[in-house]
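In this document, chain identifiers A, B, C, D and E correspond to the written order of the chains, with residue numbering beginning at 1 in each.
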Amino acid sequence: MATLELIGFGSTGWGALLLLAALMTLCVTASALAIGAVLGAIISAAKLSGKTSLVALGNVYTTVFRGVPELLIIYLIYFGGSSAVTSIGKALGYEGFLGLPSFLAGALAVGIISGAYQAEVFRGAYLAISKGELEAASAIGMHRGLRFRRIIIPQVLRFAIPGLGNVWQLSLKDSALISVTGLAELMRTSQVAAGSTRQYFLFFIVGGALYLILTSLSDRIFNGAERRANRSMPTAAMGKA
Amino acid sequence: MPGVTRLSVRNIRKSFGTHEVLRGISLDAQDGDVISLLGASGSGKSTFLRCINLLETATDGEIWVDGEQIRMIHKGGTSRPASQKQVDHIRSELGMVFQSFNLWSHMTILQNIIEGPVHVLKRPRAECIAEAEALLEKVGIADKRHAYPAHLSGGQQQRAAIARALAMRPKVMLFDEPTSALDPELVGEVLRVMRALAEEGMTMLVVTHEMSFARNVSNRVVFMKEGLVESSGTPDEMFGGGGASPAFRQFIGHFGSGQ
Amino acid sequence: APVAAKDWKTATITLEGAYAPWNMTNADGTLGGFEPELAKVLCERAKIECKLVASDWDGMIPALNAGKFDVIMDALSITEDRKKVIGFTIPYAATPAAFATAKDSPLANAAGTGATIKMTPGQTGVKEVDALKEAFKGKTIGIQAATVYAKFVYDNFGDIAEIREYKTGADRDLDLQNGRIDLGFDDAVYFANAFQSANDSLAFTGPEIVGPIWGEGEGLGVRQADTDLRDKFNEAIKSALADGTVKNLSMKWFKVDVSPQN
Amino acid sequence: MDFAFLTQTMTTLLKAVPMTLALFSLSIVSGGILALLIVWMRVGGNPLLAAIAKGYIFIFRGSPLLIQMFLVFYGLGQFGFIRYSFLWTFLREPFVCAVLSLALCTAGYSAEIFRGGIRAVSPREIEAARSIGMSGALLVRRILAPIAFRHALPAYSTEIVLMMKSTALASLVTVWEVTGVAQRLISQTYRTMEIFLCAAIIYLVLNFIILQAMSLLEYSLSRHRRAIPPALKA
Amino acid sequence: MPGVTRLSVRNIRKSFGTHEVLRGISLDAQDGDVISLLGASGSGKSTFLRCINLLETATDGEIWVDGEQIRMIHKGGTSRPASQKQVDHIRSELGMVFQSFNLWSHMTILQNIIEGPVHVLKRPRAECIAEAEALLEKVGIADKRHAYPAHLSGGQQQRAAIARALAMRPKVMLFDEPTSALDPELVGEVLRVMRALAEEGMTMLVVTHEMSFARNVSNRVVFMKEGLVESSGTPDEMFGGGGASPAFRQFIGHFGSGQ
């Protein structure tokens, strides 16, 4: 059938391009999540620091980057970032254009947004740590750094996993907006295929299905991580010892 | 070496806002002393223990652990320790067993116990594990070494918390109501462990509601009331006829009323 | 400008890659269509080594000015508004515009179908257009937002018909098939191709409109500062128009000649 | 800075705010009601209904709203039986389609959020209610729903803000709200940054108001968790 | 009307999976009876109470409340009540006070107390409030009526929970360890309230570790062991010399060891 051929892997099929695009979406989202993790950790630390100025800074960050449409932030980073890099290049004596590559700009933009959400996730996770357990750590003489490394980090990660799963889901879909930078991710490739073949429904449905596949794969990973992290938690199966 | 003063507290005061919870408490513990701290709810017992190992900073007063004074800076109504390093060091010499156990939920029992020795005292891991297993044997939960705290019963958690504190080889142990919220059978078990420690000569400060422990295990009973030591003495003086204050007699009147 | 120091041995040309048959993407990821083939010819003649990159229409003009590409070749109409932000070469194509409707619609074969009229910007009182106004009273017309065609429809039919703006022409065509709107107005060359993929359920209605009303036609977009680059391409376009290369490519891809007739 | 241009842009964009607000409020309300239905199916105990609810949540959370909206608006009309049914009277309208797809999407997310709230209700408080003879609707209305809603509120306010931003996609289906109008202005003037900044300020203000309102609500619903009011201190 | 059988349980069995927790327990409570249920941890005391008011469904056996039998459907190894309506009705006649209080956290104490009378019994609100205030007065926490549960001490929460149960005017009250986790002073307070109820002739079934309550307040003591009634009798029979079984004597041996 002609339809099958179109989404297949033959010479006239878009299968290979679409799969490649799905992989690109996966890579962009994963990079964005990593960038967001770093930013989120810094911002949540600022919000938890208790210092008025740092808390205010953290609040501004999370309010702005959650409150402003993602597309605008992507524009800002993609075009604004390029101009900045170019003018730095000029100052250093380099003539001509020094762009942020689409991939980097996209991952950075989605990462900055994801950082705002992750900051909230980390903050919630930190607050969920039992105060008593922190006191117990102090009581045996653990200094700040050790307490942070041995008690706080592992528990924050444990409590943050479900929230991070949600952020991943959000970032996966924000990555669809990176198409304005021309990066051949899944959304743009579906649109290009639709426009080039004029088979709009076919390619939007196939694109949607690929997103669902990505979602179910990542769901599986996050569920696995959650189970692993929660093995120290009571379960119905284990009951009282 | 009996007779050495392990812990000495001089005239400790502590306020929360305008509410003065501790109003000048002094106390000395020699090597091998087992001191029971009794008192009504809200009399400041927990706060006192928390001041000793600096989970709260006393507003005023002096604390000496094993002959070393904790240096404090008093400035403008607030106080803070002069050196965080000294605080960490002092804390590692004081074992604390919390009423709510506070085991680290993300570690197994064995990991909970070796955490301090390995990472704070920086002792060799293998040695710590061997010692931890011996401790678990002693408190009777060796079979739970690889379980997580959430999978243990209250009494087992309580004993794991004691083992965790002991693994630090503390000079003094502080217990905050180690047996409340346990059923009578488990109370018996935990008290047995503490009695064994007492017999080995461990210095202990125990906040408790268990009169049988105060009477039979400790060698001194301190009764607190409204942030002050109302009366204190040997168990015989306190529980026997005559010696005890009327307030203490009224306090223990609640117990054993029907027995 | 420091860019002037550049002697334009190489240039990056961007197009959407999803606007068949002007430009589109093949299943193997390569670009094809009228414009990529024409670009090859023009670059050869301008002695520039060109790289073709696909990018999204929405970000194209800002990206050009930010320096990401040097040339836009994406059926870009030369308009006064756009001239304020970018520079243009002379046109390499100029296309007529027309209404389309469903084949079985009562509006099919409206007055003037098959004829061609020429209009200038701002012209009113054209009798063929007035005839259409009668016929289209109370109907819904779909247009692609922010195009020269949109302005024409608003100016001439804004008072008698409901106008609905779409982000892309393709969306509008789908709604034309769905029956949400009665008419569409757009580039006739684009429409001719769209009809094929709509299984010929759509057809032109009313006259084709040509002339300066649509501006000068479709040209290459460059940064305003890059006058030397513009001049090189101007020469190339002139020569490709003169020797019939544009016409040949146009016949291949559009089945009609879209070379500007002046 | 070209202030004349900025003011003019702002005025144009502000005229589209009512449309954005209409899309937003209608889809939040209808999506919320749909979410309640789905959550009821999901936790109600009937395995068939639970599976349907799970499938619904998976599809609408897992795929981009853009694709959902495209398929609802352009796709449904491809089916003759829809186009010639009474449904078409509604589905014909772009605004209805936009609200419909926004609501379908947020219902998937909200259902998961509400389920999280329900799971956070202490089973003991439920048992206490059962032990005095509450069950069924009374139990849900008096005990389960109020506590669950309080737990779900922080996550739900995030979802509401996301919805406000999602209305931007409605221009795909010819509903010209703030972002659509901004994009149209851009393709007329090509002054991308200035126009988008104006739009950003509008969204930021709207979302700021929403977040403040939600945290006020949260504050008033958590009297029972705040520090003891001085008057009550013994 | 003394002598009326308020609660009658016949041969109740309950299994969790393969583990049979209750292995056939029978018990009758007349009007004004105060029955203490004693037993080691895990002997099934809580499960027994929960079966009576159907928070767990017994695998087998009969339950009669105030002369009305709870209709059950036994099918293929599982059981369930035949009518949710009857269950709701029966539950509204049985007051339950949980070990962990289980007050509704989103309501004030007063709201907690009138919730059942107003919404389950559908009695006029004003009347319920008046009665609730009287009850709060009785248990001694009238000043806390507008506080939320989280702002009360354990003993106050416990008393609020009792008031909540009493506001339903139950025929029988079930208490699950009403005094564990309270300090001795609060234990005294709660026991005082219960003693007052007993004197007013309320029928009560009390799981407790307080021997003084079992001895002095209740008129019958039931000792459970491994899901069975091991022995039962009046307090005098059970605690006095002679009568009690060796298992019970060993059980109470844990108590008062030092007193």
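Following the convention adopted for this analysis, a residue touches a chain if its C-beta (ideal position, glycine included) is under 8 Å from a C-beta of that chain, and two chains touch if they have at least 3 such contacts.
Note that this is a predicted model, so its numbers are computed, not measured.
A.B. asks: Which chains are in contact with both subunit B and subunit D?
C.D. replies: A, E
A.B. asks: Starting at subunit A, what is the smallest number of hops through touching chains needed to reach subunit E?
C.D. replies: The least step count works out to 2.
A.B. asks: Roughly how far is subunit D from subunit E, going centre to centre by Cα mean, in whole Å?
C.D. replies: About 46 Å, centre to centre.
A.B. asks: What is the distance in Å between the mean C-alpha positions of subunit B and subunit E?
C.D. replies: Each chain's C-alpha centroid was found; their separation is 35 Å.
A.B. asks: Could you work out how far the Cα centre of subunit C sits from that of subunit E, in whole Å?
C.D. replies: Subunit C and subunit E have C-alpha centres separated by 83 Å.
A.B. asks: Counting in whole Å, what is the centre-to-centre distance of subunit A and subunit B, each centre being its mean C-alpha position?
C.D. replies: Each chain's C-alpha centroid was found; their separation is 47 Å.
A.B. asks: Taking each residue of subunit B in turn, which ones touch at least two of the other chains?
C.D. replies: Answer for subunit B, listing residues that touch two or more other chains: 153.
A.B. asks: Mind pulling the residue numbers of subunit D that touch at least two other chains?
C.D. replies: 74, 78, 192-193
A.B. asks: In subunit C, which residues are in touch with two or more of the other chains?
C.D. replies: 58, 62, 174
A.B. asks: Please list, in label order, each pair of chains that touches.
C.D. replies: Every pair of chains in contact is listed here: A-B, A-C, A-D, B-E, C-D, D-E.
A.B. asks: In the complex, go through subunit B and note every residue touching subunit E.
C.D. replies: 40-41, 153, 180-181, 183-188, 209, 211-213, 215-216, 251, 254-259
A.B. asks: Report the residues of subunit D in contact with subunit C in the complex, numbered from low to high.
C.D. replies: Residues in contact with subunit C: 74, 77-78, 83, 92, 94, 171-172, 174, 176, 180, 183-184, 187-193.
A.B. asks: Can you name the residues of subunit C that touch subunit A in the complex?
C.D. replies: Per the touch definition, subunit C meets subunit A at residues 2-3, 5-6, 14, 16-20, 24-29, 53-56, 58-59, 62-63, 66-68, 170, 174, 194, 197.
A.B. asks: Going by the contact rule set out above, which residues of subunit B touch subunit A in the complex?
C.D. replies: Result: residues 53, 55, 84-85, 87-96, 98, 100-108, 115-116, 119-120, 144, 147-153, 156, 164-165, 168 of subunit B touch subunit A.
A.B. asks: For subunit C, which residues are in contact with subunit D within the complex?
C.D. replies: 58, 61-62, 81-82, 84-86, 145-146, 164-167, 171, 174-175, 177-180
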